[in-house]
Amino acid sequence: MRKTKTIALGIALAVGTFTATGAMAATTLENVKEKGHLQCGVTSGLPGFSQPDEKGNWTGIDVDTCRAVAAAIFGDAKAVEFTPLTAKERFTALQSGEIDMLSRNTTWTLTRDASLGLNFAGVNYYDGQGFLINKDIGVDDATQLDGATICIQAGTTTELNLSDYFRAKGMEFKPIVFDTSEQTVQGFSAGRCDVLTSDRSQLAALRSKLSDPSSAIILPNTISKEPLGPVVRQGDDEWFNIVKWVLSVQINAEELGVTSANADEMLESDNPNVQRLLGTDGDMGAKLGLPDDFGHKVVKLVGNYGEMYDRNVGPDTPLGLSRGINALWTEGGILYAPPVR
Amino acid sequence: MTESTMKAPKKALRPVKWMRENLFSGWFNTVLTLGVAYLLVTSVGPLLNWFFLDANFVGSDASDCTGAGACWLFISQRLNFFIYGFYPDELQWRVDVMFLLLAVAFVPQFIERFPGRKWLGLFGIFGLPVVGYFLIPGGAFGLEEVQSSKWGGLMLTLILAYIGIIASLPIGILLALGRRSEMPIIRGICVIFIEVWRAVPLITVLFMASVMLPLFLPEGVNFEKLARALIGITLWQSAYMAEVIRGGLQAIPRGQYEAADALGLGYWRKVGLVILPQALKMVIPGIVNTFISLFKDTTLVLIIGLFDILGTVQSTVTDPAWQNVAIEGYVFVAFCFWIFCFGISRYSQNLERKLDTGHKT
Amino acid sequence: MKKQTFDTRPAGPKPWNDPQVRSIFFQTIAIALVFWGGWVLVENTLSNMESRGISTGFGFLDETAGFGIIMNLVPYDATMSYGRTFWVGLTNTLLVSAMGVVAATILGFIIGVARLSSNWLVAKMALVYIEVIRNIPLLLQIFFWYFAVLSNLPSPRQSVDVGGALFLNNRGLYLPEPLTQDGFGLVWGGILLAIAAVVAIRVWAKKRQLATGQIFPTFKVGVAILIAVPIISYLAAGSPIEWDIPALKGFNFGGGITIIPELAALWIALSLYTASFIAEIVRSGILSVSKGQTEASKALGLPNGLTLRLVIIPQAMRVIIPPLTSQYLNLVKNSSLATAIGYPDLVAVFMGTTLNQTGQAVEVVAITMAVYLTISLLISLFMNIYNRAVAIKER
């Protein structure tokens, strides 16, 4: 009988803890501050966007987007832990609260915004779907791809775009769907498919993984719009604003000529826009629930958008992507951030 | 035997005689032998060249791989990553301690008459998980915290297999007892639980753990990805474990149950003091075999994006700094698994032979 | 229970010590716990899905899928529904499983017998095969057969060409496809006739053997009839088959039957892996037949082949069938590893792409698991029926 009692007690305890932990309703910002770090969902490895080196140090434009948020909250760009996620898991991980923000080259679409309980907090890279093809095949335009075998990475909008494009052109194709980018590259370099399709930035990244990158070319066609950006849970507007405005601050900083190198000197600037950006004037930070100098910390520790771009995907990196439409609106691109005021 | 009527056998040299009996008895066997021998001779040479003679062992990067054979340099240069994943260098001693304890606890199991072998084994089953729980993730006793997303490589493979087997043991015992229970409803629940888990592939279980489990939990409760994978693996494995243990329970002669009843022992005492100690001892080989298959199955976690040893190798074979090292990588992983699995299966076969003495009816 | 006219039993135990009362009590608790647990799960899931705006129900099965699948045994294109993708995935799973079961069984029996061969070299090679293959994870073997072998095959333009009809390249194996023309009915008739004749001969031969003890060469005659009659009827009908021979068109070969590399790699890996387990089962099955049986049949003067076929195998089958069943089940479950190399099986297509596009994880995972459960139950059922047929008939 004693044994039974112990078991019953155990069950009761288990049940108690199970239901008790259910009642937890702090805001995301409070949770992050309490943990002492930001938990950020990224890819499991995509050069230029989020890629770990052998020591687990993450680099990439998506990674820097997370670091900027950490810099704004803690004044420490290293206060981030990264959770690598497959395409399949990313939304569940965010919805369940496993991660605080998702920065995993995720395309902003109506369905995702409206039906997944998520909010897209801006765009950190404007992308579009393209084709990577072996030079030897001698194709220079996507309209010549009738009958081609195409490698695709699963779990993305890519599969639908591809079908739509080929159907609209009255062409046929054979899709091979892989789960991870490693397998996709392996399939392509093993010659399983003629063409690899993905977002153009990813194509550049994947091409850099080939043993001979110059053997493959990216076709000029862009068959879809893929605005990629950080995502947060719906229903926590404070947190949504923080992520949205940290990104805007970075873009504004580039426009105002504030860089990580001159951020300290710029504290003395007379330009009221710079003063508001860096927090020497006004209480912009307090309105977001952040320290007033959060803009200064973000730019000083992570850099402005241009620095972030050049460091990770720019012309001097293995990806070698020129700014294109990702340039500022003043320089022929479409990057236009709302003002900090 | 009709030896007396047979002629005395011709005296032949022993190897010749052996060959005639074992390789060239009759035309069919001769053809078979020659065919197999031909295949062996033609394939072993090139393989040997590729593996050893033409292979590259020393150097520091891909440019040192000049020979026509395998580039083992790739393995030795990346070995740290394959074993520890992203675990920080300066904290790897913690993993090493666990490896050492694991070896101390289980290697003596292969050696008969090793003093205190039983106690080391018990420590391996009950003590080691506790030590590991504090040592590997850190965050207590002044140890720096290492998030589970940084665990990887061989270390992660061992963690998955080890926790999977240890955690599924008690659940499996309960399920097996439940399936042998005289209460129809308890029996029914256990049968359904066991059969459903055994019928579905591990990969669907892992997908369920990684995508659906967060939906099952109340809002605000969530586990890390590794923990979710472990929950899935444990539930799945416990069904197999239950069937192995049930085999042991069934092999216990009825007299043991009746004797325990006659002594007036209650159910839990009967099971805990009389039946289970005998049954578990009998099914150790079976448990070891399920461990082997679980160990191999842990490679599936790479499909849900965890970096086990195969995952780490796969993510590095596409590294542009190294060219065409896929086969070397796969061979390395295959070799690691083979050593573990072959060694353990030999152990379990020995054990089976040893335990095969009594108790069979 | 026997009825008694008067109660001589001692006063019953206290209710909490009465085994029956206890049993009812515990079972009630068990049911309550299961229902409570289920209710909590359902409640959590529903409220989570509602708060996260995830839609529920099976309505998505009728929506347009919109993505392509490389291999389909049932008609499919991107304009069809998600429900149809389920059938495409299921048929692909069944195909590779069936192919794997057949190949693994044949290979497993050969290796199992080779393991016991009196030829030392053959026996050792079989042992090496078994010990190497079954101790390496299947996923790794699939990767090997897919990535390592694939990258060594030629591109379509440098295909290996066998007689201008059969082509091998890194897009797959291309075979000519027979297209039946008018008048093929006669050939079908010939085939049916041949089968009927063979059955009739077998029945007659058995009767004759029982009556006179003479053995009629049923096997040889049967094979001759099975080959000759269809060929004669084929020629008589005027060769009513045209071959659709694959030819290089644009990027790739068109026409004919294609075996895609994903299918081939998965099939080879599954067959080799499972065969190593089946071989061990066959070996222990054969060893379980007591030596006396072999000696007795030798004493009767049966040659080695007949001893194996008529005496040993039938008895060994009783030991082999149960573990063989679980190997078949494992093979079907392992076929789900297809998703790692892009073979469009149920898990890759339905639990992969369809789940990603619709986001309805609960429904999709539940359907998939139900399918595997059904397949497992069906295989167990068939093997149980077969097992009963070969079980020892005690008289």
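Should a chain be cited, it is by its letter among A, B and C, assigned in written order, with residues numbered from 1 in that chain.
Basically, a contact is a pair of C-beta atoms (placed from the backbone, for glycine too) under 8 Å apart; a residue touches a chain by one contact, two chains touch by 3 or more.
Predicted model only: the values in this text are computed from it and were never measured.
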item: Selected pair, greater C-beta contact count between B-C and A-B; value: B-C
item: Chain whose Cα centroid lies nearest the overall Cα centroid; value: B
item: Separation of mean Cα positions, subunit C and subunit A [Å, integer]; value: 43
item: Approximate Å spacing (C-alpha centroids) for the pair subunit A, subunit B; value: 38
item: Subunit B and subunit C: spacing of chain centres that average the CA atoms, whole Å; value: 25
item: Residue numbers of subunit B (touch at least two other chains); value: 207, 211, 214-215, 217-219, 303, 314, 326
item: Residue list for subunit A, restricted to those that touch at least two other chains; value: 18, 88, 92, 95, 179, 183, 186
item: Per-residue overlap in subunit C, given as positions that touch at least 2 other chains; value: 48, 51, 54, 147, 151, 339-340, 355, 361
item: Complex contacts: residues of subunit A adjacent to subunit B; value: 3, 18-19, 21-25, 44-45, 52, 54-56, 81-86, 88-89, 92-93, 95-98, 179-180, 182-183, 185-186, 208-211, 213, 318
item: List of subunit C residues in touch with subunit A within their complex; value: 16, 33, 40, 48, 51-55, 66-70, 78-79, 147, 150-151, 153, 155, 170-171, 249-252, 254, 261-262, 339-342, 344, 348, 352-353, 355-357, 359, 361
item: Subunit C to subunit B touching residues, read off their complex; value: 23, 26-27, 30-31, 34, 41, 44-45, 47-49, 51, 54, 117-122, 125, 131-132, 135-140, 143-144, 147-148, 151, 329, 333-334, 336-337, 339-340, 347, 351, 355, 361-362, 365, 368-369, 372-373, 375-377
item: Of subunit A, residues touching subunit C in the complex; value: 1, 11, 18, 87-88, 91-92, 95, 114-117, 137, 145-149, 154-156, 159-160, 162-164, 166-167, 173-179, 183, 186-187, 189-192, 194, 234
item: For the subunit B and subunit A complex, residues of the former touching the latter; value: 78, 80-81, 85-89, 147, 149-150, 207, 210-211, 214-215, 217-225, 268, 303-305, 307, 314-315, 317-320, 323-324, 326
